[in-house]
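One structure is given below, represented as structure tokens, and several questions about it will come after.
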Amino acid sequence: MPIRVTVWGENVHEQKHQLVRDIYPDGMHACIAAALNRDPGIKARTATLQEPEHGLTEQVLDETDVLTWWGHAAHGQVEDAIAARVHDRVLKGMGLIVLHSGHHSKVFKRVMGHNADLRWREAGEKERIWVASPGHPIAAGIDGYFELPHEEMYGEPFGVPEPMETVFISWFQGGEVFRSGLTYRRGAGKVFYFRPGHETYPTYHNATVQQVLRNAVKWANPDQRYGWGCPHVKAETALEPLVEHGGSVH
Amino acid sequence: MPIRVTVWGENVHEQKHQLVRDIYPDGMHACIAAALNRDPGIKARTATLQEPEHGLTEQVLDETDVLTWWGHAAHGQVEDAIAARVHDRVLKGMGLIVLHSGHHSKVFKRVMGHNADLRWREAGEKERIWVASPGHPIAAGIDGYFELPHEEMYGEPFGVPEPMETVFISWFQGGEVFRSGLTYRRGAGKVFYFRPGHETYPTYHNATVQQVLRNAVKWANPDQRYGWGCPHVKAETALEPLVEHGGSVH
Amino acid sequence: MPIRVTVWGENVHEQKHQLVRDIYPDGMHACIAAALNRDPGIKARTATLQEPEHGLTEQVLDETDVLTWWGHAAHGQVEDAIAARVHDRVLKGMGLIVLHSGHHSKVFKRVMGHNADLRWREAGEKERIWVASPGHPIAAGIDGYFELPHEEMYGEPFGVPEPMETVFISWFQGGEVFRSGLTYRRGAGKVFYFRPGHETYPTYHNATVQQVLRNAVKWANPDQRYGWGCPHVKAETALEPLVEHGGSVH
Amino acid sequence: MPIRVTVWGENVHEQKHQLVRDIYPDGMHACIAAALNRDPGIKARTATLQEPEHGLTEQVLDETDVLTWWGHAAHGQVEDAIAARVHDRVLKGMGLIVLHSGHHSKVFKRVMGHNADLRWREAGEKERIWVASPGHPIAAGIDGYFELPHEEMYGEPFGVPEPMETVFISWFQGGEVFRSGLTYRRGAGKVFYFRPGHETYPTYHNATVQQVLRNAVKWANPDQRYGWGCPHVKAETALEPLVEHGGSVH
């Protein structure tokens, strides 16, 4: 069975700015979904901010193995309840891939427990992305590094917890560095942050970027789901015999 | 200068239940603060849920190096804005020590980015707490393990991210285990979760528990503060010369 | 193509002690290999200390995706060169699963950079193994915990680096705890330590233990290989133009 | 009591090459020790390869809280027994700071359990070192980044385990990046790797580099020592009552 991916797109810049529409005529989300669907082991569909429940109903998430998230201009318009729903799904096993300016989304900040701050510059400079974890499946097919001729700069410090694995680190022409590919396990779910993808450059048309996205989907595909909860174990059903001691306020 | 600690107490059980008041006549927070103040290098005061802004005004936090947090019955009554304020302070360097049922507090769940779920049983059973990181400053003075004759059981799985360091692991008489002392770095702040401390047992009167609390305060005392933010670096002030390329939607 | 596993067995106790031979008539390694081969996606063979190069020739390792390691009585008889060879293979991508008393093998201590010390007791007591990372593929099929009626006790502190993931934690009848399932990434290779398996108990006949071994093999199966090395990049072939400055002692 | 530091220097380039002697007339180790001794809370002495036991006798290590290590040309001349001794001391609590080409020392590779491979270029190019963990004590006093006008390049991938904390990341003029400041806890000991320090540039005369070295010594100063070992707990002295079951081959 193919991995079921929901590609979430904020879909604001594409509606407002001809500059972005020229690069992504059907929206960035459509470009990303098409790149994923090039792999027969992946079946990607899209969801956008403007749909009811931002397209992320319980039913859609029931049918989602991995969710990708791109947002920028309208983080504040994402309902708290939907961000909480996505967060809960991640802890229960759904994979999450957060893209570029999605770092400041409600979803990513919640899952990280962090502000996700960083320094930035929009000058269309060169970015060279180095593999720091050779052999990692997300970096499969990349020989040492790859380059993007024009990207927005994101610079350290990046306000996230120390990752499980540092997959990519970027060199920027203007003099900064950034941890561009980071993995986390959160509950039963796997999370990958991938830096490139500014709306005014054709980054999601880049073949290596598309390969990384497909690699990341396969990596984040859940092994198992887990429901969590706080089970109350009664003294009389303890695994070892117990004599209760002391009172309770319950 | 002594380390300035604010001991936050929910202060609900102590008001409602004679059972708890018998153990902690002045409240659990008063007992914890007194234990900390036994060290001349620490200056602890208290704050409670019932005070304006839960006793955690900006001014109080300006004067707080380390915050300890105990809550249980009234997590939902903590204002979101205060939980967000504490979270922000932690990222900027304030130490945070979360105690026992504080695992389900808004503050801890926000900082962890996790549900902090666990299994539990209130039977007054024996808990034996093993040192898993010998040499760690939080475990200073403990020779291998220490015991609490009567405690609530918390059992794995514990819904938190993999820690920076696993300091303590508990053995419970009824058959469960639990990671009872976990450290995290979050931004410039250090976070310690310490499991024991159920309201109906005299845990915070235990000399070893008090020693761990003092150790943890010293460990969590901030090295430096850091303000975070998202500085915009203009192309013309880049550290390396840049020629701007491409458009912008800003 | 099935995952190619080499099951390494020290094969000393089985030769010397009827007690062990009664449980494992063909050796512990044969029992483990048979358990793995029950999965059609795995093809396991064995290698033992007594074979030339301990059965771990370059050719054998060329054809090995995952190596499992059980040793106890004869760690010192493993040649340093073979331990170094295995270590090198792990960094290049070969999965490594270290079993029980293999914690003190040359291979495991080298890969960990640690002494792997622990406390122990051989009393045939009950061990209950809790899942600490629900949803982890190595724990697939286990509902919360499983029990072994008779095992050797290993107790904390365990002299290893903080793991990537804490998959299992054991409760022992005699009062100790132990991190019984730990994952590490080392270079391109994945490493899993799994505690149970004392030679005088039928642990490797246990269905859940066998399931964990199969799960672990699938988890440790390399994503990619990576050759490492220290490439010298000449100034004139630098990715960005450089003017050399200063001298050299080379 | 001041922190007792032993600054270990290979002391080969300084003896052979006028180029190096011009920069470090008394040896690199003397320059580093002097930089440390500028802080009254630190008392540093030196030890070199050429001394008996490389200057690292048991007595010297008994009196060492933190050891710094610089080597390059003669890693192979360090006796295995001395490397093992240093490793053992680290696990027992001694701080270890490994400098620049010390990455390929026996000591560092043993402690890491890794090959410490990297790419390199000796062209005297610009290195800009960014703080990735703001608020970390090792980065105290650095505002965002600092620069070295001429350094050797080290590039990713760096063959080390994922660190406890990523303190620094370097940008190189020639187009590479490198994780230049990494922390590890190994047993009771703290380990810091710090990249800069090529022998043909005056890096250890740089005021910020010297500040980092002093910061790192204070960070690595042991909290407690721990002796390790494998204590055998007899069944009759178990913490919980046990009835022995099964046989033993011992």
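So that you can tell them apart, the chains are marked A, B, C and D in the order they are listed, and the count of residues begins at 1 in each.
In the analysis below, a contact is a pair of C-beta atoms (placed from the backbone, for glycine too) under 8 Å apart; a residue touches a chain by one contact, two chains touch by 3 or more.
Since the model is a prediction, treat every value here as computed from it, not as a measurement.
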Those chains that touch subunit D and also touch subunit C are A, B
By Cα centroid distance, the chain farthest from subunit D is A
Cα centroid separation, subunit B vs subunit C, in Å, comes to 35
Rounded to the nearest Å, the gap between Cα centres of subunit B and subunit D is 32
Residues of subunit A that touch at least two other chains are 128, 133-134, 155, 162, 164-165, 175-176, 185, 187, 228, 239
Within their complex, subunit C touches subunit B through residues 128, 130-134, 155-158, 162-166, 169-172, 175-177, 179
Counting only contacts in the complex, subunit D reaches subunit C at residues 13, 16-17, 19-20, 73, 87-88, 91, 104, 110-115, 117-125, 150, 153, 155, 159, 161-162, 164, 173-176, 184-187, 199-201, 228-235, 238-240, 242, 244-250
Per the touch rule, the subunit D residues reaching subunit B in their complex are 92-93, 128, 133-137, 139-140, 164-165, 185, 187-189, 222-226, 228, 239
